[in-house]
Amino acid sequence: MRVDKEQISGVRFMFTIVLYLESSALLTGFLIPVTRHESWLTVLSGLIVSIPVIALFRAIMLMFPDMNLIQVLERVFGPVLGKVLGLSYIWWFLNLTSLNLRDLGDLTKIVILKDTPALVLMVLCIIVTSYAVRYGIKVVTWYSALFMTLGFAILAISVLLVMNQIRFENFLPVFSLPIKKYLHSTHMISTIPLGELMVIMMMTPNVRMSRKDATKYIFGGYFLGGATLLITIIRDIGVLGPTMGLFALPSLMTLRLVRLGEALSRMEILFAIALISQLAFKVMFLHYISVITIAQMFNVRDYKRISLVTGALVIAYGLTLYDNIVDHAVSAQVFAPVFWVIFEMLIPLIVFVTAKLRKLPEIRGT
Amino acid sequence: MLFGFMKRKLRYLLSSSGQAGAGDDNKEKRAEQHMPPELSTSLDENVEALKNELSDGSDVKVHRFRFGPDLCYSGALVFIDGMTDSLFISEAILRPIVSWRTCDELPKARDIARTVSSDVICAGEVQLIASVSDCAASCLSGDAVFFADGCPEALQINAKGYEKRSVTEPASESVVRGPREGFTENLRTNTALLRRKIRSGRLRCESLTVGKRTQTHICLMYIDGIADKKVIETLKFRIKGLDVDSILESGYIEQYIEDAPLSPFSTVGYSEKPDVIAGRVLEGRVAVIIDGTPFVLTVPMLFVESFQTAEDYYSRPMYATMMRIVRYLAYIIAVFAPAIYISLTSFHHEMIPTTLLLTIAKAREGTPFPVFLETFIMVISFEILREGGIRLPRPVGQAISIVGALIMGDAAVSAGIVGAPVVITIAITAVASFLIPMQNESDTMLRLAMMALAAFAGFYGVAMGTFAILIHLATLTSFGAAYFDGFAWTRNLQDSIIRMPLWTMKRRPKHIAKGDTVRIKSFIPPLRPHAGESNRQAGDD
Amino acid sequence: MALFALGSLLLPLAGCWNQHELNKTFIVTGIALDQAEESGLLEVSLQIEKSEPESASSGSEGGQEKSSPTLVLKSVKSTMAQGIADINLRTSREVFIPHNQIMLFGTALAEEGMEQYMDMLLRDPESRMDVQMAIVDGKASDVLAADTGQELVSGTHLSNIINQQSQISTQYSTRITDFVRKLLSGSSSPVVPIVKLTKENEKESVSIEGMAVFVKDKLVGRLSNDEAQSYVWAMGDVKGGSFTAGSGDNLAVFLVDSLDCKRKVKKNGQSVRVEFEVDTVLRVSQIIGFTEVKFPDLIQKLTQTAQEEIKKKVEQTYESARGMGADIYDLGLSVYRKDPGEWESMKDQWGELFSKSELEVSVRAQIVDLGKSLLTIGMESASREGR
């Protein structure tokens, strides 16, 4: 049973992937304390290391072109184990959505509206995303091309405007840290911004693309999005230098230093709003994925009805996740990379291997 | 909620009358139930029946006379004074009938009407009708009805001669360059104006009649082979399904057939100019011409249409593109300017340059209201002024400008009720909203919503509100075509924000035209040498 | 539908937490920190720009004495954050910091150590890191209260002066972020402009008089305006400025068109050798004397004079810095960047190494422009009289 019957084109799928990765640019704050001014190296290595992981997602998508992840789990592992894994994925997707929503709320609180309770900010966002989710994948990804281009434009403008403050010396010295730190940081990057891309496996039946196109679109989107992450990190390191490690949100600090003459010197709120909108898009997308997963697992006929309720659940969960931002950062550095590997890489790998062993897509042929 | 109410009402009405058929069928069936449908052979009975049907009005004229060789037949002409051309009646109808003295073989009484119509009358549009309700309908349309004693058929002769407005420049859409003709209230004139623009045999004109008591004639015009059949079907289905009392204006039809009655954006387009409508019909849309109003509807409508004016296509591409971008900017200003002002001055003082901030602070020193209330007051005052300006009789028009400028602008600021920056912001908003008249309803409502959101949560609220509007636009469809497609940015960019040169718009927009999509087969592209010459530069020899 | 109605009712009801009305805020344009009379306490002064109601002043006639457009609020507490909170309590309006133009610190305070004050500036979301900072000779709050008559607000006045100078070289201005960056590097010494308040016949004026040198975060010494100029030269990327070269009767004034300096640090056994290579393009603004010089040799002579002068000045400043033990040239940082391993071994003795380091300056000057006239009057007359 297919929950959402609409389909989007492969190009729009690629734009969605790029936008999804672009939105993670703000969350670099937890990466920096580990490798400081060499973080750009680790972002690069993280991108390269994750290529096989993305290839794994693509392989699973191509093996079962009409089934989303939950259906695949049931098919490969049988009804019982499949359902158990499906439930755990529901939990994990809700986790993802709440974390990102919490980030959105915290970010807005710190930068723009300091006294407003995070609840209000999150409710405003979820109302809008629930409205979009009701109308399915088409509406959720309608503006991906537009927002992606806007994201590029904002990035380009911000780089141009701080260009005179970028100092090449901030990148030196290179390769001066112990290997363990590089490994740790690379692992963090491949799990947290890049590994989250596994949610595209829930969208398989909704995307219209051929085998050849799949490679083009998935990897194209991946590299484009990764490039924006890389450029953001490089810009931040270049401008902030050693002060980078002090701040919770280094990207915003860079934007604060943007000066276009005396008059336009405090424009960071405009940039912040643009970046927050990107994050809101990510939340909207994850909300959609969570709703679809729940609908698929529990055979809900009309997924529109659970949209708002799921949103409320996400808000409630998000508010109780962490007490403060320090806990969040610690969790992201220590706990998440280990735990998330299970959902992002281990289980898909097992799915792939099992499917191959059981020669599963036998009806379609390979 | 409202739409559900309407839907239920319609369903009830349709079920009670027994079918969802054409209005014509309804009329006839009811005529069958209440009145004898057929005309009898007795002249007096027919005339009485007709006068009854027309409620014996004092403007219903009956002219009885004898005609024919030896005055052997008696007949009557019934028409409504004021709706008919009396000169025409006397010269083209009565004169030939009355001077019909000779004939080779005397027709039987039953065939008089046919004989008169084919051999005697000078009129161009003559039709045989056989029921009283048809006679009444034709009288009410301005035709004359001819009865003959002994003949069960009557003649409907087109003698329309009521007062109508001549073709002038439309009041609501003026152009600097382009034709200045506008539609009038007469259906025939309008269809003729459109036909003069599209002289193609494939331009189809289908008539419908809607409205129980108004019997409004509607004409659907589209180009067979370009327009989408599904759209035509849906349109006809929706219009025929209307069993309503009155259709006085195209707005009535628009509200009954539109796809999203609750949305601030209208999904049915309209225009008063034939060249605009012709352009749209040529792209594959369907035009709905309604008798009694110069505003012609077109479906499907896209969001980008409200930013296109006819002049865009008559001007050259670069200027047209620039003007179009200005229009988009104006829309954004019209919707967001007050909200941005409220956000900046209430929440995000750091964004304003220091010197400007100090000026604004000075301006706000004496004012008692919070910014939201101030802006709200000014917006409401502006709406009042604008509405007043429309309703005002012309001689008093000067007073409005004085009242507006002095009281709103100067005195309010000096008295300290509102601050100068607010007045400036609202003035800019007002002027900007005049650039896109077709979206006036949407930008007024959205402006207020944005202001409320800005007062609540500053730029974040505005951003979320913008998101919500964008999502809403993404969900709108107009008769099957996606409303906001131009901004999904994956196709059909050539006519959205920019206006590409005419010679690049080779195909019609994909989602509107189904069928023949090629607009330009070939042309001599600019910059290529003229036929017969080879690369001769200007200034040679 | 119901949702919409509910939502629209809620919106105006809910309080708007972050909303502050403009006529209920005090816009801060300058902050000054001083040591208070009671020891251990801090005096925080905020310069507020007052705004008078427009309607009142629009009808006023000229000739009325305008009261000072700024207001200085003070509070004495043990920390900066407490001081600002205290001021908030005592005023009718909220204090609004993001438009702050300048941070001033009294010299007494600077000598004690600046790190603790940096923390609030970095942590508070409202304060900005790109604010200029300066050290005041004397009491910082006096500068805030000064009525210079030039600009409306002395905070803006000061930051404008500093901004103008930074057109010549960005090293003339130090923003909070620059200061912190140098502190974090572990070896570099921040350099901050010094502001002086002078009073002449009831007219007050503020000006920049030299720069203050810090070691770690404590003020240890000063550079005069001249020394500041050579410091800026040594840091390179200079786009303006002028200096006088020559001796006795022969003086020439040069305008710097561009000046770059490469700094190299070489380890020489147990000591450190520093090489500065200055490369500059100059224009001549005024020539006094030089009458014995023949025209073809003029450029060469001038170039020589300029080079000698630059070398002398740079060496002088280096001497002063060395004497203070302050590595103001980011030399330690450049060692770290080139070779972190070597830096590790040198790190702890850097202070000593720096004070004993040797300097070699080489200058290459190029004069491209003599202005409208080529010869001086003296030279012209000399050549007329006969070579």
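First chain written, first letter: the chains are A, B and C, and each begins at residue 1.
The rule is simple: contacts are C-beta pairs under 8 Å (C-beta built on N, C-alpha and C of every residue); 3 or more make two chains touch, one makes a residue touch a chain.
All values reported here derive from a predicted model rather than from experimental measurement.
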Innermost chain, where centres are averages of C-alpha coordinates: A
Between A-B and A-C, the pair with more C-beta contacts: A-B
Rounded Å distance, subunit B centre to subunit C centre (Cα mean): 68
Cα-centroid distance, subunit A relative to subunit C, in whole angstrom: 43
Centroid spacing, where centroids are CA-atom means, of subunit A and subunit B in whole angstrom: 48
Contacts with two or more other chains, residues of subunit C listed in rising order: 14, 18, 98
Of all residues in subunit A, the ones touching two or more other chains: 112-113, 116, 120, 127, 262, 265-266
Of all residues in subunit B, the ones touching two or more other chains: 347, 350, 457-458
Subunit C-facing residues of subunit A, complex: 110-117, 120, 127, 169, 172-173, 176, 240-243, 246-247, 253, 256-257, 259, 262, 265-266
Partner subunit C, residues of subunit B touching it in the complex: 1, 345-347, 349-350, 354, 357-358, 360-367, 370-371, 413-416, 419-420, 452-453, 455-458
Contact set on subunit B toward subunit A in their complex: 347-348, 350-351, 353, 356, 457-461, 463-464, 467-468, 470-472, 474-475, 484, 487-490
Residue numbers on subunit C that touch subunit B, as the complex places them: 1, 8, 11-12, 14, 16, 18-23, 25, 27, 29, 49, 51-56, 58, 96, 98-99, 101, 126, 156
Contact footprint of subunit A on subunit C as seen in their complex: 7, 14, 17-18, 98, 122, 125, 128-130, 163, 177, 180-181, 184-185, 333-334, 336-340
